[in-house]
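Shared between the two complexes below is subunit A, which pairs with subunit B and subunit C, respectively.
And then the complex of A and B:
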């Protein structure tokens, strides 16, 4: 019983991380039909920015509890500073190309950004566990668990609910949904599609950076961080149905729980299980769990 | 857009390399051998690209080929190179045939990502299997060529010859295939799948066929790479390996069966020079090259050759 509880808590924790890492990818795909491989680089970018910010924050002795806010703002800034120029000056001119070709361009961007990060931050690992240690542990039933992970779960919920709210209740969200359904008609109706795209791309990149920033205190920040994250995010997003917010949430929960279960009962299957879930889901639902209907070209 | 290559042309291209090979420095022999192995995988990806598909999982078959060779020579102490290549091709082909039933139904992004999932499954399995050395992999003993164990100074040359012969056979076969009715269907599928089906061509069967062929080619490439390097590890199935193959294919272009090999050679040169001079920026170079080729030279380096011809 106790072990099942641990599995459940681990699973939820991992699901929160998966959701945070993947949600930006699905947002960008949903609106812009871009499978953004560079997403992984924004995750590493967030992690490195967070390493620098936290390092400085604690060296100058600012209020340790405000470091979370600093992390949050730094990640959003990082995404919004680097992301939009890429959309504005490179991707904007490629929208008439095939989805797969745009994917390859973002793959090129991914390779470039990986090395740019190495050039800026070097190849030595960074350790910034202060925000993680600050919160200590909590006792739950008969187990002890780091409180920091609650923060991750809360953050994931916050991000998810905010996105839902923006999409469903605000004017910007409604414009976004109309752009998703028909780019051309929306622009004929007076929506500035270019602006929507640049904002969406910035938001998607910021979300990746946010995930990286809040993961950084729990890991050692090393080069090649994004390489693992991007494929995991792909797995989650495709399983959920590309472009579907609810799909990402459900897929993260399924994969989080399955992985936690595997780690506890069959650790040798850990790496293998997530992609097996993805392959299994795609075999029965070729476009993922929540997929939008698509018209065929005749 | 497809250039014909004849047997004569092929021999003309390969002969100088073959003759020069005993005098090449060891690193160059190694680089060319690896380029031949990568080019074989690229040749398969070229078939996909002709049908408008991109596979992010060709590393799966590359790795299956390498591990088939590795396992047989390591555990059964059987190391006749030609048989090893055949068995690797067979193993990859059988797996591709089985998975092909599923993948042949997928298009665009989903084809790419599902094949990615399968290669990552293999990576996950190999990285956790301690009997096979986990993430460290294991070494492959020296191989014999028709019972002859080459002395150490001739090892690289003999592997290069084997690679050349394998590549030659594959080139002739694929060159015939892309000009056959089945091969011409690929471009038709890319342009408009539904109309292709109206004409009576089966998109699913065609894609299944090239999926198996690409799998066999990648398996051969993996086996050659494994023998040339003398070591195999699970990163051969990791998605970044697939990414390199895609780079090679895009760089070369899809205009000719020789294009992927041109791409692989250029990649080999960039890799050897850039990686040894500045290991932290070589991805930057690869990434920018990829974007430049896609934006400025969408038909790849090979398209330059036809441009020169027109000028004449």
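And then the complex of A and C:
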């Protein structure tokens, strides 16, 4: 029984990380129909900004518990400072092109941003484990866990619920849904689609940066850490249904739990279990778990 | 007619002038072009790729200036200036093979020294043989390179992964640790699988009756190990073996230490030397640390090692880690072989076959001690290896209980596969 509880905790923890990593990607795709390969670069950017901010925070002796708030704000700022100019001055002129062309442009952007990150932060790793260790551990099912795991789960819930609230309960969210369904009609109805796009792209980039920022205390922050994230995020988003928040949440939970189960009971399967889940889901539901209905234009 | 006479006079004059000039001023030997391939980007760049690149850069500068100590004090390679052509190893195996071909066919390098990833080594080896170009593998550990067929142009100047795994088991044995069970976490590709297989085999020989609790095989560059750490903790393993490296190793240490993994188990980090200084205050005392050979802080004391460490530290403001040693060992091996082949060729530029013949079976002393190309028809070098336990002294990481194992103890005899040698209880 304890073993199953451990699987549950590990699965939920991994699911929270997957959700945080992937939700920005699905938001941007849902609204803008862009598969943003540069998503991984924003994850890296968040991790590096976090490493710098946390490093300075502890060096100057600020309240350690406020470092989480510093992480949060720094990541959001990083995403909103870098993301919107990219949308405004690069992507905006590409929307009439084929989706594959835009995908290649974001891939190019990914390569450029990776080099910019190396130019700014170099290739030496950064370690900022203070926030990870600060909260101590807790015992559950005869196992020791860092309390930081709880923080990650709470953060994922907070991000998910906030996005749902914004989408369902605010005027901006309704305009967003309108743009998702038909940008031309939305524009004709007076919605400033350009403004929606720039805000969405900024939000998506900030969410990727947020995931990177809160992962940074648990890893060695090194160049190239965003590559793995793009692949995993893409698997989650495709499984959940491109553009679907609920789909990303459910796919993250399924993948997190299945992976944790494999680690404990069949570790040799762990390598490809996430992609097996994706293949299985897509073989029955080719558009993902929660694919959005598309209106047919006549 | 006058035009023909004039032309004849000009040609004869030019010929005489050039003949005289060639007798009085020797033509400078053409440069030796060496392709250096290592990770310059990606997670392996910082702990492995860049320290190795730095070592290559330092050695080539020292050789070209003729300032290295004997027997490396001849300028360049046999008097020819060395030109380094640097390539990033990061990318898919396909792109790595393409870059390898480009180095040889487009950049016209005389030899290639490189490769950290075992997957990449396995991919480029047949191409090196096909293109008949001397290729010195400097870091990757998979024993399969030479076990899967005879090679003529590919060499490895340091031990393969078997030495790390066998050495780790011998170290446990030397500490009289009673290991009834053991687990592992290794990356799921050639290096991780081979490392675990050799360690598992060695434990079965040295600790009869011991059993495997769990063998975790996360993918390369996974970064997130919370599940694996839970599985290792649940397994209650007395010993945990890991050959994780680079950012993966560092992430594993950061995530596992606060959860008490090192309190409940003796943890062996076979590549721990690259992380031990950066994460000095994160690695608990008593952790078993290796450097994939007698490198870094485990290098034997010698004037050559003192010179290398001082030169490297002076140039890069950091001490060389084991990949720096491996790269240096490889370039030194290439230099000695080239010069031996050139001497045997009456001072003329040697061919790849002549360099290979000179390197085959040679003995090379580098900063990491004596290495002999003793296995696989003289293409695979062997050396001693060493392990120690971490101990933080006044905030600085040190290694205590250091034990050294001879090449014969940790590497299989010539002509025998590692797996068979281990299975037969290390008997020849």
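The rule is simple: the second predicted complex is superposed on the first by the 292 of 298 C-alpha atoms of A that agree within 3 Å, B and C clash if a C-alpha of one lies under 4 Å from a C-alpha of the other, contacts with A are read in each partner's own complex, and residues count from 1 in each chain.
Everything below uses one rule, namely that a residue touches a chain if its C-beta (ideal position, glycine included) is under 8 Å from a C-beta of that chain, and two chains touch if they have at least 3 such contacts.
Quantities reported herein were computed from a predicted structural model and do not represent experimental measurements.
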{"item": "Fit or clash between subunit C and subunit B when superposed on subunit A", "value": "clash"}
{"item": "First, second, both or neither for A:260, with subunit B first and subunit C second", "value": "second"}
{"item": "Subunit B versus subunit C as contact partner of A:227, first or second or both or neither", "value": "both"}
{"item": "First (subunit B), second (subunit C), both or neither touched by A:104", "value": "first"}
{"item": "Touching partner for A:242 - first (subunit B), second (subunit C), both, neither", "value": "first"}
{"item": "Touched partner set for A:268, first subunit B, second subunit C, both or neither", "value": "both"}
{"item": "First, second, both or neither for A:129, with subunit B first and subunit C second", "value": "second"}
{"item": "Partner chain in contact with A:118 - subunit B first, subunit C second, else both or neither", "value": "both"}
{"item": "Touching partner for A:282 - first (subunit B), second (subunit C), both, neither", "value": "first"}
{"item": "Contacts of A:164 with subunit B and subunit C, given as first, second, both or neither", "value": "neither"}
{"item": "From 166-174, 184-192, 202-210 or 382-390, the subunit C stretch with C-alpha clashes against subunit B", "value": "184-192"}
{"item": "Residues of subunit A at both interfaces, subunit B in one complex, subunit C in the other", "value": "114, 118, 123, 227, 267-268, 270-271"}
{"item": "Complex interface listing, subunit B residues touching subunit A", "value": "52-54, 102, 105-106, 108-110, 112-114, 116-118, 120-121, 123-125, 127-129, 192, 194-195, 239-240, 243, 246, 250, 280-284, 286-291, 294-295"}
{"item": "In the complex, subunit A residues that touch subunit C", "value": "3, 6, 9-11, 13-14, 17, 114, 118, 123-125, 127, 129, 132-133, 137, 143-146, 149, 215, 218-220, 222-225, 227-228, 259-260, 263-264, 267-268, 270-271"}
{"item": "Residue ranges of subunit A in contact with subunit B within the complex", "value": "35, 90, 94, 98-101, 103-105, 107-116, 118-119, 123, 227, 231, 234-235, 238, 242, 267-273, 275-276, 278-279, 282-283, 286-287, 296-298"}
{"item": "Subunit C to subunit A touching residues, read off their complex", "value": "40-43, 45-47, 49-50, 90, 188, 214-219, 221-224, 226-228, 230-231, 233-234, 246-247, 250-251, 254-255, 258-260, 278-279, 282"}
